[in-house]
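Here chain A shows up in two complexes: once beside chain B, once beside chain C.
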Partner chain A sequence: MSAGIIDIDYVKYACTCGLLKTLQQLYFCRYCSELRCSFCVSHEVDSHFCGKCCENLPSPEARVKKNRCVNCFICPSCHHELSTRIASKQPATPEEAKATKRTYYLSCLCCRWSSRDIGLPDQTSATGSWPKRKTFMQDKEFFKRKQKEKIISYTDKTGITAASLRKRIGLPEDKPILKLKNAVKMVTPSIAQEDIDDFDEEVLTKSINLLEITSIDQRLLQPDVQPVEMNMIFPVQKMLSIKRSLRCRSCEHNVSKPEYNPNSIKFKIQLFAFYHIPEIRIVTVQPLRAGVPAELLIKFTNPTQHQTTISFLPFDTPIEIKESTAEVGGSKGEDDTSDLDKSLPLMKVIPSGAKVMALVDSHLNMSRSSARMVTPRPLDVSINCDVEIPSSTFILPPRDDAAEYDDFNEAHNIQDDKKLVIWRKSNKAFIKLIVTPKEDTSIGTVITAGFTMSHLYTNTITSVAENKKPQKFNHNIKLILDLGKSVGSE
Partner chain B sequence: MPLYEVEKSVIVLDIGTSFTKFGFTSEPAPRSIYRTQVKSKGQIRELWDYRDAQDLYDMLVDFFHDIYFKYALNSPKDKPIVIVESLLCPIIFRETLAKVLYKHYGVSSILLLSSHLVSLAPLAIDTALVLDVGYKEAVCIPVCYGMPMIHAWQALNLGSQTIHKHLQMLLNEKNSGAQNLSEMTLEDIKVRCCFVTKKSRAQQLQTLKPQIEMCPEIKYPVKGSTTISVCGTTREKAYEILFDEDADHLCLPTMILDALMKVNIDLKHQLAENIVLIGGTTMAMGFKSRLKEELLCHSKEERYKKLNIKCFKFHTSPSKENYAAWLGGAIYGSTDCLNTKAIQRRNILKKRNYLIGRI
Partner chain C sequence: MSDIKMSRNSIKVMPGALVCEESKLRGDITIGKDCIVHPMATIIAEAAPIIIGENCLIEEQASIIYRVPFDKVEDKDNIPPLKIGSFNVFEVGCVVEAASIGNNNVFEAKCFVGNKVTVTNGCTIGAGCHLTEEQELKENIIIYGSNCQMREGLSKPMPQYSQMDTLMKILPNYHHIRKPSVKGK
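Moving on, here comes the complex of A and B:
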């Protein structure tokens, strides 16, 4: 995820699954209107590509190629990528210079290992012609092919099958091929040996050069051979990488889907929480002392195109987990999910009445999607600071990119509670909260405050599908703020 | 080979304490062998150093995420998986593993295989005494006609970890600056410099003034700045800890003999003549021949007189020993076993709901 300036983990949002994440690490499923994180979405392989040459492969082809790139190699010595180099051999005579072609070899720019170190001959073409190590498996396939070549079929050419020929001549039906196929070839069992000679007397007298012996990582890079000596190592084909698409487990809609092209870093679908949930940052906090109220300034930013109202609730406000029924968005409704849900008691009806959300006990629900739902866990946090919850609410105007550059447009017709809102500009507002660290906190403990933010969310997804007005509802999120360490008295 | 003819390959996994073997069914070697580590919250942790079930659950989720999206490059949903594990695997690990795979990743079925049993598959035999020497422990279980003899199991706290500790101690004796070498460095020294010596030499090394010529010393560079000397005695003695009897007079060879003592008298000779060694530690040079020497020597002791075994025979695996169990899993996974013996997800879910309904 994005590191650096925007990924500061002082403010954490509680995901629906109970994990604490920063806003940048969260997704927001617009169909269920819930926060999702990498832990509680299901990951799927979208496309295969090579990270070095950026070639993308369809997944069946990738499977055939054993998830490895044909052209790119990694260094068997240091696992770095190998680069193809042009051999710089000076021709002895001008005639020779004309006649000789360019040759290539592989070289590691990290550890200086090169394909010449193991005596691999230089290649005439840059890609595709690198010799492969003969493995046990390849040998076996070679033999199979040889055996097949021996039996030459003439019937294909004449159109007469063996069976019809037999009938014509009047021979009884025979199934020699079938028999061959069904007959299980008995494997010869291994025979145990009494004489073992795995001790090399030479080791007692010969001094060894450490540089000639491979390390365990170098050995395990080639699991089938596991070479012991440095001159046995061989360039390894680079593993392919994948692009992942992420899917919400409850409604099976994508929350993130990348573009197919490996060069593109854009997404087809990107439902990051960053675009939907108000962002909160700590501006400043007065020194925190046990039992003494302190002012806390936090900045709210509305990233959406719709005006929102934000109110505060105590931290321990229960948040209901909605289990959306399958027909949201009208994409599906064929399986037994909806029937099952209807048979269960409906426990909550969302206001503005478009959709019925059933609060279903996740244990009872046998449906396919909910069986894979991540059961929410209790928040792993200890709150040692009380937050005075303001009773008033405030409004955040929609995001306006043009306003960012407008220094003079200070006029806004919003009636604010002056005690709550300190300053505002376009879609941002500074909010003052009073926090009191608990009496028994010792000096130097990290003060953690928490509250529940309720923001008015405008869901536009159903309005597009069904030509309705966008539905608005309050969405509650628990927030955990790391306010730094407490200090002693003045 | 046309693209559409490719069979659906199934992941085979052998989660060892130190290294995880990963590959697909009906392949002769694992695709990759890598350290059983999980990167969680910015630090690298060993998977088996879990605190509790919840901690293990989270680590396993990360661990399988790597397997599916870094190595297998496959979506896990509705696909079977083959897991090779020791019979002595803790219940908590097995249950959490099942929870992660069925619930979090939604695999269709899991085929759990016993590592001792399946490692006989590549050898095409059904009776053998299997000794698995891994990182943490050595486990010996006799397998008779395809049935592991659980009552005869032997386990000792002997493995790479013990060797590493022993090696550190030996190095400290000779080098002042070798106080705190990392496990990785010790492993590297062990792999590149040390070997299992012969019994006659080992006995000489025990004495104060060994009457043998020492093997050459090796200068081993550490972190590019210092050099520690790995002397001849250290090189030979590193593995000795496996063959030294502990306070209870137990060591690697006695494990095999104790296991033989516990099986039926008719099977004793057959098992002694079919010994299979698996696990990465058994790959050390000279390990097999030394074990045989030790076995012959210990079998003459008073406590094992009853056995009356004069001959020990060892099998040579077609694969490297460290992935012998994996290879067995790959063979089993490519047979009908996968459809008949695997635990289906729908059955598990039904049972779970049934249980909840009862309560």
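Moving on, here comes the complex of A and C:
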């Protein structure tokens, strides 16, 4: 996100899960008509690809190759990508020019490190033939030893994890029990030794040449070797990147799905809240003094193609669960909800179980109800400012991209409450609210105001599927506004 | 700056050098054989004359400024000229005030080299690196990255002959060129 230009964190929206996020960080599931954030959607790896050569790898192949690209390397000195260069060695005689083939070496354009620096011979082919450093992982004996210790996992074969199995057969959630195996081992006391190695006085007298010693970053790039000297560093195969899709946990529809092609940065599905929920920005606020009402101007923008009506509700309005999303299986932990503070304003349950079981569960037909519901966390915010909630509502016309270029289309027949709506143009409106910081706030404290916005949301999903009229309903969102520090004199 | 005779420009361009007229040259400057000075490059010989060796490439917006060295402020009349060696590349937007520059150095885009720095031979100062402290860069030193990390290169950077040749052909087509003059203007 272009943080700082669009993504300004003065106005925060409360996600369905109870986290506070900016509008740009939120998704909007059109099927549940709920806000979702990166924390309350399930992340799935769509494809593995190399960011340099843009090669797509199927996930089993990526796993075999340890999630690294075969052809691309990164510089062990500065972590930039290495480029393959043709060796420019002038042949001595014309006969030699015909006989010798082109040779290649790796070179970094950032720090000018090259594979010749560590004495790696030039290669005759550009890709594939670069020597690999022998590490202990390639040590066959080490592997044999490891394999004996290996515990057979059925997860790979069946796709069922222990957690999902417990859930399916109705056992309570597996709590991490302190296993006896992990109990504190008896420490063998150290014994003083008589003969000690001679102290190498060179450590104190010999001056260190920092150019020959690797930095911490360079050592940690190769954790298996952790080279100490610069001549021990070795080109590292580039890590693969992934494309991931995000899925709503309660309805299992995608909220974000990228295109498969690694060259494409577009999305097949991208349900940003930014495209569905009115955007709010703080225009101006009068100086805030404790107990003194101040005018707050905020701008509302309607991003949708449908007209919407916005009304204000007090901040602590409970947001009720909709029937469609409350379609929860019996796994909804009743003991979980009971110990929660009932006075919390947001008493809704959100799904948290991943979609791991969807495939294996199809014969049981419980994929939908497999989503385990958890109550949202309480909002982590302290409101120290009262907002005078206006009783009147206002209308925001649909977004019209052409309106920006049209200066004459200003006549709108909207009857506005002049006390509420200060100014409007196309799909935007400036709204005046009266805010009063609480009496006991000291000077210099950050004033946080909050209210619940209720906007009329037009859901076009059902109308497309069933040829019905678009569904319209009021959608409530809690908003937290950071109004800056309070001022005043003692 | 007031007590330095800036008004008298004495530009000597050796035959074979390509110096665009739109470049800003102030003071006593000698530009060696086969050098290329792009339009809008700045060379200011403030303290003493600047002598540039052969085959140097000075790109646009690059500036080479020879200020009074910090240790010679008392003795302004006996400042030796700044000798810049051969095969140096001054990339776009670099600011070089170094006290001495050897051969085969590359000053990458937007780097800054202060007047307390001595640059020997084969050094590369990476894009955006700022060197201000008093130091002498040993041969084949490479400075790179946002933290100005340092490493020693295997060999000096290769001269960009093909690029120089192309510029020699293209620049005269679009810019006015200073005539080579061994004598002063």
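Assume the second predicted complex is superposed on the first by the 321 of 490 C-alpha atoms of A that agree within 3 Å, B and C clash if a C-alpha of one lies under 4 Å from a C-alpha of the other, contacts with A are read in each partner's own complex, and residues count from 1 in each chain.
Note that in this section contacts are C-beta pairs under 8 Å (C-beta built on N, C-alpha and C of every residue); 3 or more make two chains touch, one makes a residue touch a chain.
Note that the coordinates shown come from a computational prediction; the quantities given were computed from them, not determined experimentally.
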> If you stack the two complexes on chain A, which partner ends up touching A:I265: first (chain B), second (chain C), both, or neither?
Replying inline: neither
> Looking at the overlay, does A:M230 come into contact with chain B only (first), chain C only (second), both, or neither?
Replying inline: second
> Who does A:I169 touch here: chain B (first), chain C (second), both, or neither?
Replying inline: neither
>> With both complexes overlaid on chain A, does A:A402 touch chain B (first), chain C (second), both or neither?
In response: neither
> Of the partners chain B and chain C, which touch A:L211 in the superposed model: first, second, both, neither?
Replying inline: second
> Of chain B and chain C, which one touches more of chain A's residues?
Replying inline: B
>> If I apply the document's touch criterion, which positions on chain A are contacted by chain B in one structure and by chain C in the other?
In response: 210, 215
>> Under the definition above, what is the set of chain A residues touching chain B in their complex?
In response: 39, 42-45, 48, 60-64, 66-67, 135-137, 187-190, 192-194, 196-200, 203-208, 210, 213-216, 219-220, 223-224, 226, 239-240, 242, 244, 363-364, 366, 371-372, 374, 377
> If you look only at chain C, which of its residues touch chain A in the complex?
Replying inline: 124, 126, 142, 144-145, 149-154, 157-158
>> Which stretch or stretches of chain B touch chain A in the complex?
In response: 1, 3-4, 6, 9, 19, 21, 23, 27-34, 54, 61, 65, 68-75, 77, 103-104, 106, 123-125, 187-188, 191-193, 195-196, 198, 213, 215-216, 218-221, 273-275, 285-290, 292, 311-316, 318, 320, 322-323, 349, 353, 356
> Considering the complex alone, what residue numbers of chain A touch chain C?
Replying inline: 77-78, 88, 110-114, 116-117, 210-211, 215, 230
